[in-house]
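Labels for the chains are A, B and C, by order of writing; each one numbers its residues from 1.
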């Protein structure tokens, strides 16, 4: 299979998975059906949108391909119907969410590489693409973003991007490197979930003011 | 009266109404006078700003016309003085807020149409223009956005934009169509407020994680 | 010393101070080390980023100079180590934070002046640069932004920018004017902290809806 097609399929899986988990968060806040669609779409497409706005890159993905808005809205609505069974699909969703994280990260890196950005910005672009959607979801639910305390979520994105950029600097062949970086990031995320790995926390109880 | 002038008047009414309701929200959070001006201005001008940033369209409205910043700040400050009487003006404000919603929606549609955007993006542009200001207000008040559970708020914007775009596809004459779509949206919003119409809610109580 | 170099030094001091106070806020929310770096960097660089996105000005500062991302991440991580002593450095940090506020404000004014913006937008650009980072920090901590109720924080930015622009209109020499406006803003902020000056608050307890 051609890589571009593979990425398109993985991208659609990723936005569907993100829209569906966001729909569950909307259900926990008792949002209405329109709110569910909006939160699902913002979560699934928000990371790439923020990346493109920061990079000054237009048109945004969903403005160029409005069908993505229909896909994310449809996935969010479908979640309302199948929500009662989603408890049984828990592991599938955590897996698809992890796939989405590494796919988004590599897509973000590729876009920054295509703009000739320096290494730090390439990795940051991958992390913004992979992680900001979830931050927007949590802010719109009036929660402190999970990203800032979750099991290696941003770390997985940084590691995936770092391996990809580092391997490129070593001259490794492009497509195997890309697949390898994604698999390594996916493995790290799944291990972190399985063994409950966390970054150390910073606990500060004094008040500066 | 010329349509452009009518829209300018309606636009100023809309930003004044949004700034004043945001000022009341600021008062409920006991913000200071500068905070009241800021929250009022962000709420009134935020929807159009986010739309233009997403569409890559510069300069933003308030950067091109800085007097709008003075209008929204002035309206927010005036709210502090007349707040004690606003309880009696409750219905007037709900009405003006509804006018603002449909005016913003049509303005957002027109801007996307002028950029040659596809139908879905035209309707989305109207909804972003009409609804995002209130989302910013609620996020800055650390609330879950009302939009995600309110009486047909986003729905009114979608219906207004949909009628406008659909009528245009049928070749209906432009100005009567625009006025008609706004009146239909306004009627829907007022009926929803009067009869307490809501979209069905999605209630999900399990924890995926 | 050359003014450009002085500003570069003041800018680095400002982003370090903002990253460190944001790191303490992250510690109060028990974020992990990656979250501390992210919150520190977003707070320190977010004001300038929002300004540039609103002005349509690319590339953003940290995209052009990725080393700033390393500085803010490093400052945030260093805070974890020295946090236990920061109580003793309380006044130093409040002072550096005030320096950052006026430096950011003048930088923001200069950028808008360079784009030929009108007076209101020049002052707004200074305020966005000086204040939005802290708003993002508070939103990401699920708090109502301190800005909307703090001791003359936004006011200091407006006064600094207003003196700078007003003095320019009077034909005062550029560099002394810039330094003078910063010192006046700094003095106002320090006096406000010392004597607990506040803008009057707007308290509204009725429910419009």
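Operating definition for what follows: a residue touches a chain if its C-beta (ideal position, glycine included) is under 8 Å from a C-beta of that chain, and two chains touch if they have at least 3 such contacts.
For clarity, every value in this text was computed on a predicted model and none was experimentally measured.
Trainee: Under the document's definition of touching, what chains do chain B and chain C have as common neighbours?
Mentor: A
Trainee: Compute the rotation angle for the C-alpha superposition of chain A onto chain C, expressed as a multiple of 5 degrees.
Mentor: 120
Trainee: Shared interface numbers for chain A and chain B above half of all numbers used, same, or below, different?
Mentor: Under half shared, hence different.
Trainee: Where the CA atoms of chain A average out and where those of chain B average out, how many Å apart are those spots?
Mentor: Their C-alpha centroids are separated by 30 Å.
Trainee: Counting only residues that touch at least two other chains, what does the list for chain B look like?
Mentor: Counting only residues that touch two or more other chains, chain B contributes 53, 56, 139, 142.
Trainee: Which chain B residues qualify as touching chain C in the complex?
Mentor: Those in contact with chain C are residues 21, 23-24, 26-36, 38-39, 49, 53, 56, 58-60, 63, 66-67, 69-70, 80, 83, 86-87, 90, 93-94, 139-142.
Trainee: Which of the residues in chain B come into contact with chain A in the complex?
Mentor: Against chain A, the touching part of chain B is residues 53-56, 117-121, 124, 135, 139, 142-145, 147-149, 154-155, 158, 198-206, 208-209.
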